[in-house]
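Next, two complexes with subunit A in common: one pairs it with subunit B, the other with subunit C.
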Partner chain A sequence: MSSSLRNQVGQLARRSILRTLRQPAQIVPAIVFPMFLLAVNAGGLKDATNLPGFPTDSYLTFILAVPFIQGALFSVMNSGTDLARDIETGFLNRLALTPLRGAALLSGLLAGAVVLGLVQAVVYLSVGLLAGAELAAGAGGALVLILLSVTITVAFGTIGLFAALRFGSGEAVQGLFPVFFVFLFLSAMTLPLDLLTTDWFHAIASVNPVTYLLEAIRSLLIEGWNIGQLALGFAIAAAIGAIGMTAASSALKTRLVRT
Partner chain B sequence: MADSARGGIEVEGLVREFKNGPRAVDGIDLEVAQGEIYGFLGPNGAGKSTTVLMLTTLLPPTAGTARVGGYDVVTEGPQVRATIGAALQEAALDPLLTGREHMRLQTALHGLDKGERETRSRELLERVGLAYAADRKVGGYSGGMKRRLDLALALAHRPRILFLDEPTTGLDIQSRTALWEEVARLAAEDGVTVFLTTQYLEEADALAARVGIIDHGHLVAEGTPAELKAEIGRPTVEAVPLAEGDRERMTAVLGRFGEQAGSSPRGVAVRLEGGESQLAEVVRALDAEQIAIEHLQLHAPSLDDVFLAKTGRSLEGAGEEAEPETGETETVAAA
Partner chain C sequence: MSETQPAGLGSVARAVAWRSIHNFLTNPAFLVPALMFPLFFFVSFAGGLAAIGEVPGFDFPTGYTAFQFVFVLLQSAAFGGVFTGFAMARDFETGFGRRYMLAAGHRSGIVFGYALAAIVRAFITWAVLTTVALVANMEIAGSAGEIVALYALALLVNIAATMWAAGVALRVRSIQGGPLMQFPTFLILFLAPVYVPLDLLSGWIHTIASINPITALLEAGRGFISGDPVLVGAAFGIGILLTLLFGAWARGGLRSAEAAG
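Entry: the complex of A and B
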């Protein structure tokens, strides 16, 4: 990476982080809402552990994977609405009049998602462990879990950037939120994939990438070190990020029609 | 290329057509010399902002050519952007960042080295009178403060050419005057070429060495404010009768001296065919008809008169159609 590109990424990352930290309204719901759902699910569905083949005695440990995905969904909204606001206010035009490169803009904007993802992951894990969840992979597993969570957050964030650049409105980006929640609900969110006995639901959950992201996180919490599931989780997150980034770069070219 | 055009602007047959819309800019030719303040005057929707977007490389022209600072806006976009500074129609600022953080970001993105960034930021914030508020979030700035910061940001990399798109719209008189002074100083002392769009006649009159009047995408007049007014030549006399009932008779009397012009609701105004010397005759004629006058005023020709003469409409309130959204442009791939 050239020094000018590094400088541009650094400057925009700084702005993105400052913006995130100065908007408690972005941080608080992204932390509180998944924790609230964690409490409801852990309390209401704990008898699921009695099902034959359920991988753990602690439903809290099982369901703790979900907040990490829910938190990543908030990053779609945050990164997307921030960029959409830049488009709506003309700030993107201001940036376009500088020698800014598109790659720097997108990477810099994702820096806020990295910070939010990091804060979220640490809080979710800490709250989960304090409430009695297990972490089979130990301290090293905690670091990998946080890394995976941040990777997922950034990957989902690229979709927010794409939506913002494609549609240019914060409302359009926020409209994605329910769509992503459908993806979450149609995954192995509340039960392991093997125990989803309804055919259509099992079929959808089997091809839903969110299922494998959840399983990668769960492998660290429940099993310890399952390299295959971890690699699959990281690969899926990387693929989502790559697709999102490619789509966002293409949308940026159309949005920034500077000559 | 003329020497002056190296620091100036040359436009020939510039056109911008929007999908399913009118030609927002329809074949404009103009030339702005280095160090000149050029006022681009017109109502909302006339094509001012579209022209600025094309000249600042943010919108590709449909046809025609434009060179800014000696560089072609279509084929030499990066060079044009390095040469220009722009404060576009809305002061596009981040409400969550402070003034100083804006300056830091702008100077860094323009490639100033670390030491120079701080110096330049401080210097510009002081110059626009915002040093005292530099560490406050922009969300708490007034409209005037935002406009001044916008100007400082446009000047971050010492541009030779400055585009100001309606820089004083919505500002109070004090803020407007302060901005005018700074723009005039930039042109006079630093030799910066200024392309200024405005809907305010007095702004163009006070600042611009030359004025171009645009209406429905066409440049309908161009020259110094004095030349344009001289072209119209005729002053306007406006009288208000003491008795409301005399208004019709007053209209008939004044009608003998020239064509009717825009007036206050209670008054009658005509453009004097014979110039200022007819004023005494007007007074005598009204006296002869025994029409008591509450108020009588002679107006020298204004740029609004020029606009009226060239377009058949008054500039005030002429802009009924909004300029097309640039988002509706034909998609053109970025270079």
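Entry: the complex of A and C
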């Protein structure tokens, strides 16, 4: 990376991080909401561990994977809404007048998502462990879990950037939130894939990439080191990120031409 | 020369309701989430958690789909009211609410109008939800009267939630009050026995669910659908009490909006 590009990315990353940290309205719901659902689900579905074939006797450990994905979904909204606001206020138009490169803009904007992802992952894991969840992979597993969580957060963040560039409206980005929640709810979120007894639901969850992201996180919490599931989780997150980034780059070109 | 009479309670309520229903039915951004959210929860809970019906001690006679249908019905009732509160807040934020206040002879009619709109919205949502549940072979063991009682209970929840949201909307008069309408509703609903009956809950969630008034509504609703009514008096008593309580809250909100000019 040339020093000019590094400088451009650095400036925008700094702005993105400060912007995220200065908006409690972005950080607080992304942490509180998943923790509330964790508490409710862990309490309400405790008896699911009595089902034959359930992989652990702690439902809290099982469900702890979910906040990491919910938190990542918040990054769609946060990164997308920030960029949409830049579009709505004309800031992107001003940036378009500078020699700023598109890659620098998109990478810099994702810095806020990285920081938020990091904060979320540390909080979720700490709260989960304090509440009695297990982490079979140990301290090394905690680091990999945080890395995976940040990767997933950034991957979803690229979709937020694409949506903002494509629609140019914060309201449209916010409207995507329920759509993404469909992916979470139609996955092996509350029960393992093998225990999804409704055929059509099992079929959908089996092809839903979110199921495999959850399984990668769960493998660290429940099994220890399952390299196959981890590799699949990282690969899916990377693929989502690559698709999102490609779509966002294309939308950025279109938007800059329009402006 | 005849003087123009200020509009009475009924005509104010009808006019406000008509506009609110028209906005709801003609704007996909309002209609689609209102229909999709309950379906989405129903599909996710009834489909994804079907195996919970096999947990030792879970013996709900009409199966897990019916068990979850009652929760989703009451949830859609409550959120129908909350979404109507959003519409009210938006109207006051854009100044339309102030025009209502100027034009209405009986300002309570404004709140009644929104409540009427919330009921119509709820009936539309329930029609879709019930159709999907029946297509999904949901078992119903309750008599026609018991099923009517189930929907009557949901109606009370809808009116109570509308009054709650209206009270917030009339005090805040901005869509920024949305989380204040939504989060407590979400909280009280999910701190009830959502996934399994109360007896199968343990620890802190059992303690909270035991004193949560929504628990009685849920248990009564589940009793109606399975043909084994329980806590009927308590559930309707709580529903009416909540409606009166939040009705007074909405009335206070109306006074606050009037005072603000």
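In the analysis below, the second predicted complex is superposed on the first by the 257 of 259 C-alpha atoms of A that agree within 3 Å, B and C clash if a C-alpha of one lies under 4 Å from a C-alpha of the other, contacts with A are read in each partner's own complex, and residues count from 1 in each chain.
Definition applied: contacts are C-beta pairs under 8 Å (C-beta built on N, C-alpha and C of every residue); 3 or more make two chains touch, one makes a residue touch a chain.
In this text the structure is predicted, and so the values were computed from the model without any measurement.
When both complexes are superposed on subunit A, subunit B and subunit C fit side by side without a clash. Once the two complexes are laid over each other on the shared chain, residue contacts for A:L147 go to neither subunit B nor subunit C.
Legend: residue contacts after superposition of the two complexes on their common chain; A:N50 is shown touching subunit C, with no touch to subunit B.
Within the superposed three-chain model, A:A247 lies out of touch with both subunit B and subunit C [touch as defined at top]. Once the two complexes are laid over each other on the shared chain, residue contacts for A:N93 go to subunit B alone; subunit C is not touched. Within the superposed three-chain model, A:T197 lies in touch with subunit C and out of touch with subunit B [touch as defined at top]. Between subunit B and subunit C in the chain A overlay, the least Cα distance found is 18 Å.
Of the residues of subunit A, not a single one touches subunit B in one of the two structures and subunit C in the other. Listed in rising order, the residues of subunit C touching subunit A in the complex are 29, 33, 36-37, 40-41, 43-44, 46-52, 54-58, 187, 190-191, 193-196, 200-206.
Residues 36-37, 39-41, 43-48, 50-51, 175, 178, 181-182, 185-186, 189-191, 195-198, 200-201, 205 of subunit A touch subunit C in their complex. Remark: subunit B residues 56-60, 73-75, 77-78, 80-82, 84-86, 88-90, 92-94, 96-97, 101, 104-106, 108-111, 137, 153, 327, 329, 331-335 touch subunit A in the complex. Across the interface of their complex, subunit B is touched by residues 4, 7-8, 11-12, 14-15, 18-19, 22-23, 86, 89-91, 93-100, 168, 253-254, 256-259 of subunit A.
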